[in-house]
Amino acid sequence: MDHELPEYADPKQRPRYLGLATFMRADYAETPDGIEIGMIGVPYDGGVTNRPGARHGPREVRNQSSLMRTVNQATGVCPYDLARIADLGDIFAERPFALEGAHERIGRGFMDVVDAGVVPLTCGGDHSITLPILRAVGKGAPVGLVHIDAHADTGGDYSGSRFHHGAPFRVAAEEGVLDPRRCCQIGIRGTLYTPDMWEFSHTSGMRVIPIEEFEDIGWRAAINEAKRIAGDGPTYVSFDIDALDPAFAPGTGTPEAGGLTMREALRMIRELHDLNLVGADMVEVSPPFDPSGVTALNGATIMFELLCVLAQAVALRRG
Amino acid sequence: MDHELPEYADPKQRPRYLGLATFMRADYAETPDGIEIGMIGVPYDGGVTNRPGARHGPREVRNQSSLMRTVNQATGVCPYDLARIADLGDIFAERPFALEGAHERIGRGFMDVVDAGVVPLTCGGDHSITLPILRAVGKGAPVGLVHIDAHADTGGDYSGSRFHHGAPFRVAAEEGVLDPRRCCQIGIRGTLYTPDMWEFSHTSGMRVIPIEEFEDIGWRAAINEAKRIAGDGPTYVSFDIDALDPAFAPGTGTPEAGGLTMREALRMIRELHDLNLVGADMVEVSPPFDPSGVTALNGATIMFELLCVLAQAVALRRG
Amino acid sequence: MDHELPEYADPKQRPRYLGLATFMRADYAETPDGIEIGMIGVPYDGGVTNRPGARHGPREVRNQSSLMRTVNQATGVCPYDLARIADLGDIFAERPFALEGAHERIGRGFMDVVDAGVVPLTCGGDHSITLPILRAVGKGAPVGLVHIDAHADTGGDYSGSRFHHGAPFRVAAEEGVLDPRRCCQIGIRGTLYTPDMWEFSHTSGMRVIPIEEFEDIGWRAAINEAKRIAGDGPTYVSFDIDALDPAFAPGTGTPEAGGLTMREALRMIRELHDLNLVGADMVEVSPPFDPSGVTALNGATIMFELLCVLAQAVALRRG
Amino acid sequence: MDHELPEYADPKQRPRYLGLATFMRADYAETPDGIEIGMIGVPYDGGVTNRPGARHGPREVRNQSSLMRTVNQATGVCPYDLARIADLGDIFAERPFALEGAHERIGRGFMDVVDAGVVPLTCGGDHSITLPILRAVGKGAPVGLVHIDAHADTGGDYSGSRFHHGAPFRVAAEEGVLDPRRCCQIGIRGTLYTPDMWEFSHTSGMRVIPIEEFEDIGWRAAINEAKRIAGDGPTYVSFDIDALDPAFAPGTGTPEAGGLTMREALRMIRELHDLNLVGADMVEVSPPFDPSGVTALNGATIMFELLCVLAQAVALRRG
Amino acid sequence: MDHELPEYADPKQRPRYLGLATFMRADYAETPDGIEIGMIGVPYDGGVTNRPGARHGPREVRNQSSLMRTVNQATGVCPYDLARIADLGDIFAERPFALEGAHERIGRGFMDVVDAGVVPLTCGGDHSITLPILRAVGKGAPVGLVHIDAHADTGGDYSGSRFHHGAPFRVAAEEGVLDPRRCCQIGIRGTLYTPDMWEFSHTSGMRVIPIEEFEDIGWRAAINEAKRIAGDGPTYVSFDIDALDPAFAPGTGTPEAGGLTMREALRMIRELHDLNLVGADMVEVSPPFDPSGVTALNGATIMFELLCVLAQAVALRRG
Amino acid sequence: MDHELPEYADPKQRPRYLGLATFMRADYAETPDGIEIGMIGVPYDGGVTNRPGARHGPREVRNQSSLMRTVNQATGVCPYDLARIADLGDIFAERPFALEGAHERIGRGFMDVVDAGVVPLTCGGDHSITLPILRAVGKGAPVGLVHIDAHADTGGDYSGSRFHHGAPFRVAAEEGVLDPRRCCQIGIRGTLYTPDMWEFSHTSGMRVIPIEEFEDIGWRAAINEAKRIAGDGPTYVSFDIDALDPAFAPGTGTPEAGGLTMREALRMIRELHDLNLVGADMVEVSPPFDPSGVTALNGATIMFELLCVLAQAVALRRG
């Protein structure tokens, strides 16, 4: 593909605030046929344990993503040159009142997408939705994980449920769709309920880089460590917006002071361009807590960077 | 009781923004013993079908209720002269992820309160919480209802659950804790999913006063009609903050344009002073959607007016 | 058509915050073929003289319009039963920096829509966009007008341009696409630059009902007067959101204290059901000045009511 | 004076958001010489008992007052045709930490203004500032008062001080600069600390029209009553923005639910045009609590209406 | 003490948004008896020279502090394992209108707390409240100080008062309760009224680390310098939230661009664990200027970190 | 000049929130006579391609600039000691609807200012206004440029106009008022429409330092490079507030994630003190998108730092 701009991306044709808001102003596709990377919303926050609102995340991230153009200035990548990309709309839960059924339904949606050969780039919704996605991308073989987050999300039962937004990676590992020895968690911080709240991360072999170690070694060493651990196998990227400092992302359910800057986040993601990526997500943007819109803007920017490296992975696999 | 001000109500002793925020700056009581009217929060919004956040309602209503003083200027009533009143804290759900279990747990909490002889004045949370309250206050005999709301909340199944915030009064009537022929619903408006969405209200014998009829007959005729219908039997009052026009209550889950003004609401509540009231609630304040705080302020004021008429009912029954 | 709910309107199928935001969650149509009423955004605010931002109006009104269901509870009308309705997307200006060229381009877009037999229901954008719409709907014969607004919008030159948002109805009358003797303007108020700022309204034969007269005679008399003046001929409805009091619509470019309530607005619009309506618009919602979203919510509700009476007019003409 | 627009008021010369913000975009005057009506800010809130921020009121009211044009559409009055009007800047307290000294200093400032023959139109600041103004305008003979407010502001000591924002009218009456029998207080409502909190209003002979009486008799009867009581003598008008319902004025220190609408407020003020007015104020706008700016906008509009009737009074006295 | 979670800290028992908001969801204690560390609010802002609102700080910090759990992930410290901790409510001023009297009253409250053997962890209010606290903790012997702030707060008279929020440390040193040679001030920046505005800091022997030096040497060197200067003697920690960059703390009375990040702040505080700490405060959070709540969240997090090092100091002294 | 404080800068005379808001509370001057540095607002945003509102920038920056005092603590410079400084009010466009005419009019205003010997320090408005300023300061000889921005602003035609806010530096270079080989652009980042969107920067010889290079080399090396390139010739400084990360400047028309911190910005500007500066601007603050005011505060602080180095340049040239 050469660089002929699609109409939606041509500033001479359309102001950016125009029309139905799709992710990155990409075309909307009813079905995954022929699509290589599908941007998908999951407006679900039934798994949050404190502040809700992430159900409204996909809409507002779509809205703010209109500020994204088509070429990544830092890397020169134009994802639309590398892969066929569309907004595939939202995958939703028929029975939002029941956490487990909701995840089952979401899982079927992603199974269809993955079966159609589409690499999913998902916008949450709360972090519990990563579990059904991992079940889809990891059903053939367990995937590795680059996980950027304030929380390890490998906790145990919470109020009688194992499926809340603090546990998806534990359940995924236990189900065998995630390989914990190929997982790296970056940016972990904040207070804990018990000293061993993230014990599963350690005992299962995940590599945890708390924010203090991150500060000391710097973003380049941190992401290189994550790449080393993920290796050549199929790998998923999960970016919880609360990985960012609340100055950069106040609009989220469980903010933790002292987090990543956007400069650190952007540069880390770009380094993932040569991994064997099979999907990615950006979750936990909660618009009701985001009066200036900066959280959704940063979430949309993270998604664009993820789109670029996913497109590079698709192109790489295509050869 | 004569009018000796408790410390919390004496402006010469304490600025209003001082200390832990309790409802109306009333004393907090660990147990219901000796209390006649208990103000209770239910920070639960698992039943909402669209915008969440009412779980944060009790805290913010407590905060804004510090603006309330002790004497009702319009009626001369000082509720603290008429009844022993306390903030009884929150009743909560152990398993917030499961709607039905949550309501069961909330119901047990209210059963304890009612069994201790306390008249509950509850702050939601979403409107689904009125169901477990009605089960407690109506367990001996079905209660009548003065219901001020934009929605009749007598819908059928929603996404596979009957316990969402659009159906409590139907379930209560079907369970026999609410007498539909002694129910009056005021302020009903907005769009519907089906023409007969509130069919149960009509077939069960409830009196529905849509906002247009309300406008035409005025607040005085409307509330007199409600009183006539409720009669002398034990009666509950449920005030959904979305009864108010969104100019007065933007911070709620399901706002409907063209609602009540606060002047209409206040004057209607005051007329209930001679009913046989057994409890009341004010629900659906959602602070994340309330940037100016006006919704919580109006919610706190509604609660104060309800407190006054509940205190009058308590004093009346005491003789 | 009977009342079989389309999928987008079925609460058992989709939560309301799901998917791409279209007006009223209606289907999006690429072309006007087969559509009877087309909901259209015009994200343009090049004509404002003070506070900008109405260019972002269509997106946010689409977003808030998800709160609309399918049946008008007050009138029983389900517009989707009466007419084929779709969101036709946005009509935009290729050269946003030039006011006159922009209006020409917008005019061509509406000419295409009207030529396809579609009745346009437009969401602005600033009020200057009504001029190109009137050129389309009035090209055969001048139309009458029910105009609800704080400003008569019949001023003269402003800073060297006749095409700003304070003059569309004067230009339309002068061009012969609007019949001033069949125009009624309701809600006019606020301060003026000169005592005769709206002189054209009076000299051209428009009927002006200032807010004070409106208060004295009431909404019913006011809208009846407007209907009498519009008569049986083809008539357009233009609703400037600043007709509402700023308590109901703070998010607009030129707010004027002391305006309509939503209750008055809703009831007036419903009375238009038996006019020969050929189109309608709701303009001047400016999201950057609307922190609580109440302006966009009220704007979406106004649009739903306009949709109902347009659908009734379409059904009436169909016979 | 004929109607030649000053440059600041000519829309062809200057956009409204241009330049230093003065009240109504009037000229700023360093000294009161030759001015007949002086608009003055008093950025002081040392007298508030709860929420502060009124110190920032004059700036934000000046900013929003740019939306005011020059002619009152309802009455046809152009105040600039009737009187020489200027923004005289702010009168400030040298020692803001000491309430009594502050009022003394503010009083000297107003004494200078009144001695120069200027009719003051003041923007607060909290309501305590009306006391030093009354000392200036009432030093020759006690003035009558049209007082529109949620609170009678005739309380006793508060936390050891008599000079807080809840007592100015009592102190003024006791000092003999205010004639209580020529005072009318409109819109009084809200809760009280003691049943007789406003006892002084009653015992001193003030006429109190609580909001409930106001609702029952209507704005026209209420303001006629106030005019009858004020009579022909020199009269002052004090408008506390919290007289308005919080939907119209959330940004104030002591909001009280269930207040005036702007339509009621505007029409009442216009009726004062034939009183012998010697000054007026609009107080208690607190911008930090006003995210949408609607409070400051309404405050600016109230000031414009007060300016019109003051100009009419000046013209009447000039003969 | 072993790690048996108190009920309030057990996520399986209570959602975090439940109940009356106390600092860190700790128990509330009526009296200091048996408490080792008391968290105390001082809702007072009579000393601010510009933007008010810090009087509302304790309530909102309590509210946001519900996000804190019980174990410090970075250090492994659970303060509740090390010391008996309670929320002791607010210490308030009887006469808020008089700055000096207010401080005297606040001082008596802290004297009682300190006399009862409690280490105070205070939440302001404005910075002037640190003076009465220092009088209590330093009455036996002058204390050292780790002072993190944008302003040295050692100015001279301001508008005729020495007790405003810009001078507490000068007065404390002059009164002999603070040893200036054991003081270190970190983060000082912003504009000045006179070149020697903080002259007292220098002449009295305090060590001032302006933000530029801080940037050049890094957080580790800065806090080590502060520890060297404070030495082994009893030391107090005062953290003004305006030490943070306004991106992290917009909601404060005197923001200064270019400040600390939360990562720097958190890591510095943790290093204080082996000082002989006798108290600490976090001041100047002003909720009306904090629409996203990020300032209160960061303030609560700072308080939790201070709680951890105070608990370590208490345990260390206990031996 | 010695350090005798002007009245406006003396904290003992005036609280900071007092009076008409001028830039830095400096005196307002009707004419440029005798002024050496003139602070000027250009409330114009007709050139924005996406989010508007910068027209309201000068007012809000003036308002927030009241927080600035008179002495730069970091450098010891008091600009008022070095140069005669005034707020010269706003330069405005007579015909705001026509982009080109607007710039012509703005250009004439600046020509007058520069001809009077005044060094302009301008507050935008959108970035298109820098073009007419450069025409004035560069009319004798092309100027060099230190340009701190997220965007190179050297694009080509946009929607048929060359004069939008994305192209001023290209037009200026082509017109010969800007010497591209003496231009350095710092902080460039974000997505592009085409890979060669900023091609003109490169082909014309400008030095571009993208944010990634900036991060790697640090602020000191970056600004030293800019100074080397600007050299001894007359040089202009243009600071687009979107150079800052959106955490520091959410209120702008085209935010780009991952930008400068304020610490980096402040330190870079201070290094410019020995350049031959002939003017500076700070542009693109859009208050409607700035709920916390942090953008305007940072913009005002940037302006103060620019004022200091401009004053140093004036003093240096004076000798």
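For clarity, chains are labelled A, B, C, D, E and F in written order, and residue numbers in each chain start from 1.
Note that a residue touches a chain if its C-beta (ideal position, glycine included) is under 8 Å from a C-beta of that chain, and two chains touch if they have at least 3 such contacts.
Because the structure is a prediction, the values reported are computed rather than measured.
Novice: In terms of CA centroid distance, which chain is the most far removed from subunit E?
Specialist: Centroid comparison gives C as the farthest chain from subunit E.
Novice: Could you work out how far the Cα centre of subunit A sits from that of subunit E, in whole Å?
Specialist: Each chain reduced to its C-alpha mean, subunit A and subunit E end up 38 Å apart.
Novice: Can you compute the centre-to-centre distance for subunit A and subunit B, using the mean CA position of each chain? Integer Å is fine.
Specialist: Each chain's C-alpha centroid was found; their separation is 41 Å.
Novice: Quick one: which residues in subunit B touch 2 or more of the other chains?
Specialist: 12, 15, 17, 49, 51, 55-56, 94, 96, 159-160, 245, 247, 289, 291-292
Novice: Mind listing each pair of touching chains for me?
Specialist: Contact pairs between chains: A-B, A-C, A-E, A-F, B-C, B-D, B-E, C-D, C-F, D-E, D-F, E-F.
Novice: In the complex of these two chains, what residues of subunit B are touching subunit A?
Specialist: 45-47, 49, 51-53, 55-56, 94-99, 159-161, 163-164, 288-289, 291
Novice: Name, in rising order, each residue of subunit E that touches subunit B in their complex.
Specialist: Touch list, subunit E to subunit B: 12-15, 17-22, 28, 41, 43, 55-56, 59, 62-63, 87, 89-90, 92, 94, 96, 291.
Novice: Which positions of subunit F touch subunit A when the two form their complex?
Specialist: Interface residues on the subunit F side: 49-51, 157-160, 188-195, 197, 210-212, 215, 245-247, 250-251, 254-255, 257-259, 289-292.
Novice: Spell out the part of subunit E that touches subunit A in their complex, as residue ranges.
Specialist: Result: residues 3, 5, 9-12, 15-17, 67-74, 76, 78, 245, 247-248, 261-263, 265-267, 291-294, 297-298, 301, 304 of subunit E touch subunit A.
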